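You will see two complexes here that share subunit A, one where it goes with subunit B and one where it goes with subunit C.
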Partner chain A sequence: MHESILIYRNHRYLKWSAALIAVASAVYLFHSPVEKPNGGTWLGYTLGVIAAGIMVWLTWFGVRKRSYKPGTIKLEDWASAHVYLGLTLVVIATLHSGFQFGVNIHTVLYFLMLIVVVSGIMGLYFYLTCPRLIAQNRRGMTTETMLAQIADLDRDLRSQVMSLDDETAQAVSDAVQDTRIGGSLWRQLSGSDPDCPTTLARQKLETSTESTDQETRRQILSRLTKKEDLLTRLRRDIQLRSLLQVWLYVHVPFTLGSMAALFAHIVTVFYYW
Partner chain B sequence: MSDAPAGAEYEVAIVGSGPAGLSAGAHASKMRMKHVLLERQDHASDTIYKYQKGKFVMATPDILPLRSDLSFRAGKREEILGAWDEGLDFCGVNIKYNADVAAIEKQGDIFHLSLAGGETITAAHVVLSIGLQGNINKLRCDGGDLPLVQYQLDDPEEYEDETIVVIGAGDAAIENAVALAAQNTVVIVNRRAEFARAKQGNLSLIVNAIDKGDVQCYYESSPLRVEDDAIILETPDGEARVPCNRIIARLGASPPRKFVEACGVEFPSDDPAVLPEVSPQYESNVAGMYIVGALGGYPLIKQAMNQGYEVIEYIAGNDIPPADEPLLEEKFASMGDVDVDQLLAAIRKTIPVFSGLNTLLLRECMLDSKVHSFKQGEIVFKRNDYSDTFYTVFIGQVGIQVSPVDPSVVVTLREGEFFGEMGLISGRRRTATVVAATDCVVFETPRRTMLKLIQSVDSVKRALDKTSILRQVQMHLTPGVPANELEELVETAEIENFKAGQVLFNQGDIGNHMHLIRSGSCTVSVSIGGRDVVLSYVPAGNYIGEMALLSDQPRSATVRAAHNTETICLSGDAFKAVMEKNANIRASVEAKFRERLRQNEQMEDRPEAGSIIQFLIEQGIGEGTDVLLIDETLCIHCDNCEKACAETHNGLSRLDREAGPSFQSLHVPTSCRHCQHPHCMADCPPDAIHRAPDGEVFIDDSCIGCGNCESNCPYGVIQLATLPDEKFDLFGWLLFGKGPGPGEEAEYAKANGHNGAAKDDGDKIKRAVKCDMCKGIKGGAACVRACPTGAAARVSPEKFMTLAALR
Partner chain C sequence: MKVEIKNVTRKARGGTAVKEEFLDSDIILIGRSPACDIRLTDPRVLLEHAQISSRSGGIYLTALSNGSVSVNESLIATRRLDTGDVISIGPYDITVESHMGGDALTVAVEMVEQSDNELESLLSRTNVDIGKVGTTKRVWSWAMFVVFLGALIIWPMVLDLLTPTNQFDIASANREGMEASPTAVWTSGGISAAHKFFGETCSACHEKPFVQVQDSACLTCHQGIENHATPERFPTASLEDVSCQRCHKEHQGDVSVARNDQGFCVDCHGSLTEDEPRTTLRNVFDFGSAHPDFRPSVVVNASLHVISRDAAMSDAVPPEEASGLTFPHDAHLRPQGVRHPARGNIVLDCGSCHIADASEASFLPITFAETCHQCHELTFDTQLPDRELVHGQPDALFKQIADTYDAVAMRGGYEEPEAPAIIRRRPGTALTEAEKAVAENWAQAKTQTILSGRFGRGQCDECHRTFDNRSTGVWVVEPVHINAQWFPKSRLFDHLPHGDVECGTCHAAKTSKFSSEVLLPAIEICQSCHGGEDATDRVPSTCITCHGFHFDHQSPMRPELEAAREKTIHRTFSVISPDTAGIKIADATDGAP
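Here is the complex of A and B:
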């Protein structure tokens, strides 16, 4: 009942893309222009128009994604086609270039496009792997329930902290007050905090030799351990969820860049006709 | 005064001075008939005397004219009793107080009434108007006799700051509950999902009180036992303990059968609720003994007073028509010049559903009903009409267009048959178009009237059940087999109800019957290594239990109700007989049997699929018709589903993606499942919740924001919200000054009086909002359309709870 975008509609868009690649490659192989193959032959122009069309259409996905108008075509159709046509674009654009590269706006466009496609492949990889990892990591809990549990633990810890010696109490207070979840992009992506006050407090308590009520000590230790586990999972959750986002920081700007380059490419081609 | 017949002191002795007795006494006096009115108490009309202080007494049915020498108008108990006492004096009624009739014996033509004090009175006629309240129903559970249980409430103001549980759903219970709620915490316990037995006024009273939170209500609940300081209820969610200071049980009353039978009057059955049969002139099987009022089948004051008047006329030999005669004449006028009595007799003869009604009930039913005359080809109702009335064919024939695509596929119903009964069961839209096949006369009876009849008259329920059983058996089990071959099967069939989790039969039981699931659904499971493994999910419209019948082996699996389920339990022998005569039925049942066997074997190797079914059943998915399920291995948490929902519904998402449980990477978000029997529909005062043709349950604009549906929904998918202001639209605002500017939505709405809010009025009405499955929107549910990765899917349980669907 659930279909991933790769197998969607019995691989419909994979088949379409494969057909397009096959036809383009076949024509390319049998095509023998006067000069060596380039973008200026009839085939070159045709492939160029197709590639430009695909690029504009792929970019339009950003708009379509935010359109919630009625209609029978699902966003998943677009997403599935986006993936396969995006991959196809590499082949079509390469054939369009006739494997001619240089230091010019045309090659800039080509490499911008490659960056977009490669970041897209990375995104696809994250889309296909991260959701499962997120579900496994959460074990049926939501981010909110995890945060709520941490808040509960913090409340309990705060009420017990007074029974500890000053130094350990300070460490536990820090664990309650200064533990950070998330933060900068790198911190999010790293999925951990090397100086996590909660971990430090737990270590401190484990090594502390001061005599306190053993039962309270055991409880605080258990709460810190529980909190640490929740923090690990939350940070992992944040890491996985940022992986689902981070590739877009490459994909989208470079898409816009390649649109500009595409415009320049077309203008220069016609200007120097 | 007319002389009493030879040997009798009185022409008529009236026993009981309730409304009927009083009115009879007054009229006898007016007609100068030698009479005596015997009252056990030292005051007249004890039942109403015992009404709670200041109770407002209603004068229903409003449509019925009063026919009595005493006056009666809706008003306070004290005013009414006062008026009657004055009337008794004014008419010179010969009333004898403290006269407890111990026995009535007929010797020759004379009745001898022995009073408790030893005195004997003789009379030529006896009018029994003793009512039912001398014999009230008690709680039949453990602890029903504990001191905290009482069966009457005189003055609700006597109690303060107590927690009081009122049991019952009739007028008395409602009135007690509402009056007590002023100073106490009140819980009312209703055995059913609605207050169907109550008068309209009381109905809105209790619904309002529940809405406002003045009274808490347990629907579909009944007392299990009473403890010293609490009552244990059986509720749809299991047992509930309600601590309380006092329990007031208002369970109605039963006929004082022993006494009445001792008088020689016969009862038609052993049912404790059954009333003696009387002639249209209220005469019982004992000639000269008349029965009027509640004991005669009619508990309403006005009707009883009319009967009291009429019975004296009948005794005097005047055959006057009943008070509602002109109303019924008018009602039947479209059929030409007809005699009402003959017509009613014809109705009873023609229409089996109504044949068991006594004259009074039939008259009332007809007063509530509409009479339609249709010309051939005229449409009675259309498929998907939202109406819930019940139709009976009186003259002519109607055709039901059973196929949605081909109007020529028609099932013809003849005189006496009924249709539209699904409206009574489910409250859904019409499933077929009905046209007049010939010129015809049909009666349209309101749903509430029919529900009342089903609950109070056993024969109506039986007649309805019998036909709907036949229709369902023909539809789901034995298509193409004519009704006469199914007679034995249908005759021995019984309707059984199961609560969520209740077992239909256990693995290893000897099987001699099968079930056709009428509403609800079931799970089939086997015990493997001491653990229950679910093999399959069986929705309504399927049969189950045929395997043991065919194989003559013990039950191979345990079948449980997934949620509240109603089945038609069919006798195995009768079904085998049908199969013997119809080879194709046998073949199709055997094919199903083989298919199930194969599937069960596969499922036993795949316990994880069974645990997913189990999980989904636990989430209540089994009772859904269309459920949003998210595959967690595909969901990228982009919340585009929520955004799409909000964009489609005035900026309010009816879906919370992240909330809700997950199991084996299947996530059930908080979103409407469009239940088969929607809990939200159970108690909607403006009747604003409907089921659309495609199955979506939606709330229309008549919502008053009472919040009943929100609290009745066990899945928390309904929210009360003010409809949001017009959204800020950058281009529209910047270029054309359209709509609110950024951050000015609130002021904009206020200045323009949007969403029902008056200008300059910040208070906006809250409305209940829930998923409507994007009803009427091309492409269907926006959440699914907007999911980029295919993680969101809307599915119906019968489709996805199969082996093929569960990877």
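Here is the complex of A and C:
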């Protein structure tokens, strides 16, 4: 997808969405029902049907994008329309509610929808910014290259550690054996490891005065520094790549939650008509 | 610089294979990229990892783009190469076999490491995939779906089915069993203040699932709610096929469910004279700018109880009320005061006679006994200053006067000069039979004089209209009919919020000479403070500020539903019959002949 989904087809879906918002807002402004504006007026029902349709269609995108079969509508169209219709949904649903909120399941649905949309906006932001940052951070290397280089450095360090004093040797061995890359969700998202054994080993070596072989010490220090640099970049790489995915862990489950709430919303409104 | 590159491959069965390349370049690029002069195919090698260059008679190795490069196991950034140096990049060793200063170079490239235990170990401590953290999106998604479906619909529905329903009994105001329904979380908005006391019991109004609220639910309490106009006479205003909830929208929060928008009324009343030729009403659009002037319903014939609503307050001939009374307001409100029989001159104001009722919205009816009698004593004979006529009992009047003079004649001591001597005799002196006859004759003549003469008539005349009954030759007091409500199509005017306004601002009593004058303000007086619904410089006032929709004197809207309903509802107010709608004869025995 070389063309950003935001400007796809010369903003076609932006224009469609803006038109939908403009028409809905204009009708809302000139609409004066018996009661306060709400979901039960003819406009309320109309906007509700549109909003529900948009919600189901937006959810269907999750199914469509898994399919590699070429459909009649290109995936780029789906993605671009998904973004703009998702934003439009907030306006349509708010007008549908007539700005009436309360302690009830309908407001629960509204906030579930907001969570989905806001997480989607975050996802869009990550999609627009992270790939460039990832490329900048990698400087031509792949994740595998960086891991392989770290493994090389580890092997060299392991062979060189023999001549060090016991305490420093232990620190360097820890750096080789215990340095973890990525891990838990939080660790991946943080992009750092405050207790990184490699950093500790480098600091230990920098302050150590007991080393007998200055040349070996310099070699190890230089490798640890090199490894630290690779680790920093690798962790940043993991952080950026996890950002590309983590929002989906909010977006997708809350989408399913809002589908359940939408069902409840529609059924209960007519249950107590 | 001429360069010879030997690519060395060790064979599995021992021995080596060497493939040679020759090139002529001052810069030799080493890396993974196919564009490199020395291509090292391994992921640990960067695309452009290092370069060998010849300058100032030497050959130098420089690491590029932060790649790790060792020469003889020392990490270097840049270094001059000598014969025998071993360059390590990733799993490759590049051995400098010979060089001729900056002119020629021979290197051997060989992959010396195949095994990658360090990498495997590193990978075992590495998780770079967020998808491998905890549960998958799919599990979370279905969990959310199930949780919200359960919490929002299934759980309340099951609880509701398990809870016994109780019908609210407004007659006994019994709230027992009126706990909030579990399904109250389904509410689409707050309940109006008046309905809050049962608002969380959904089934109080929503009698059947998936069926709109029926009028029968409303009529459980609002039994006898009236029509807007007589349906047979004004079919366009019929409410026969109009459901309650078409106009009364509940779940809109703390606002009344009654409609108060002017447009709702103007929809019909804006062109009523054209659409309903039979109406006596006039078109109205907005109280501030297009409301007809007030046309009070006045009594035009007190004897026959004829009420008319023809003249408007601003007409050249304003409405006149023929109540049967003659009462000059101006004479009572003279600044110099009026004469009180005992206290001398007293100055009256409106409050001297018009006493506010308990609601302070209106005033108590004025009665002769409570109000007028304070000054107006009904004495009829200066010789008998302690004798007063009975007010409002004309039949008793004749007997009262006759009895009075009979008693006077029998007792004597009546000191009128014209009276016979036996009447003026010392009281208590016995009469002979002949004298008795004279005394009885005198008493009868005196009674007749009082009844037909100027004196008695002048007494009643002060406040009542009187006329001579030609058949009997006795004058008669006209019947009195005081109108209790001049505007029966409006709510009773609420004086309380207007309490700080001078009475005279609206009621021109000080200059009113005749009781036929209707002391109501013209609409302009009201409009000086009140505007229409959208007024910005007046009190915004809609139709229902003064008018109601369901009229008390109309027939019930849904008689068939009310008849079907077994439950009796005690209403706190009674329905006024159409005959006397809005009009009542105040204190009928007071002053009527």
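Methods note: the second predicted complex is superposed on the first by the 269 of 273 C-alpha atoms of A that agree within 3 Å, B and C clash if a C-alpha of one lies under 4 Å from a C-alpha of the other, contacts with A are read in each partner's own complex, and residues count from 1 in each chain.
The rule is short, and it goes like this: contacts are C-beta pairs under 8 Å (C-beta built on N, C-alpha and C of every residue); 3 or more make two chains touch, one makes a residue touch a chain.
Source: prediction; values computed, not measured.
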| item | value |
| --- | --- |
| Which superposed partner A:241 touches (first subunit B, second subunit C, both, neither) | both |
| First, second, both or neither for A:38, with subunit B first and subunit C second | second |
| First, second, both or neither for A:124, with subunit B first and subunit C second | neither |
| Partner chain in contact with A:222 - subunit B first, subunit C second, else both or neither | second |
| Residue contacts with subunit A in the superposition, subunit B compared against subunit C | C |
| Which superposed partner A:144 touches (first subunit B, second subunit C, both, neither) | both |
| Contacts of A:75 with subunit B and subunit C, given as first, second, both or neither | first |
| Touched partner set for A:24, first subunit B, second subunit C, both or neither | neither |
| Which superposed partner A:231 touches (first subunit B, second subunit C, both, neither) | neither |
| Touched partner set for A:95, first subunit B, second subunit C, both or neither | neither |
| Common ground on subunit A, meaning residues reached by subunit C in one complex and by subunit B in the other | 140, 142-144, 241 |
| Touching residues (chain side subunit A, partner subunit B) in the complex | 1-5, 8, 65, 68, 70-76, 78-79, 127, 130-132, 134-135, 138, 140, 142-144, 241, 244 |
| Touching residues (chain side subunit C, partner subunit A) in the complex | 42-48, 65-66, 68, 70, 73-75, 90-91, 116-119, 121-123, 125-131, 133-134, 137, 140-149, 152-153, 183, 185-190, 202, 206, 209-213, 247, 249, 251-253, 255, 259, 261, 263-264 |
| Touch list for subunit A against partner subunit C, complex | 32, 34-36, 38-40, 100, 102-106, 108, 112, 139-145, 147-156, 158, 176-185, 188, 219, 222-223, 226, 229, 234, 237-238, 241-242, 245-246, 248-249, 252-261, 263-265, 267-273 |
| Contacting residues of subunit B [partner subunit A, same complex] | 629, 631-638, 640, 643-644, 647-648, 658-659, 661-663, 665, 667, 774, 777-779, 782, 784-791, 793, 795, 799-800, 805 |
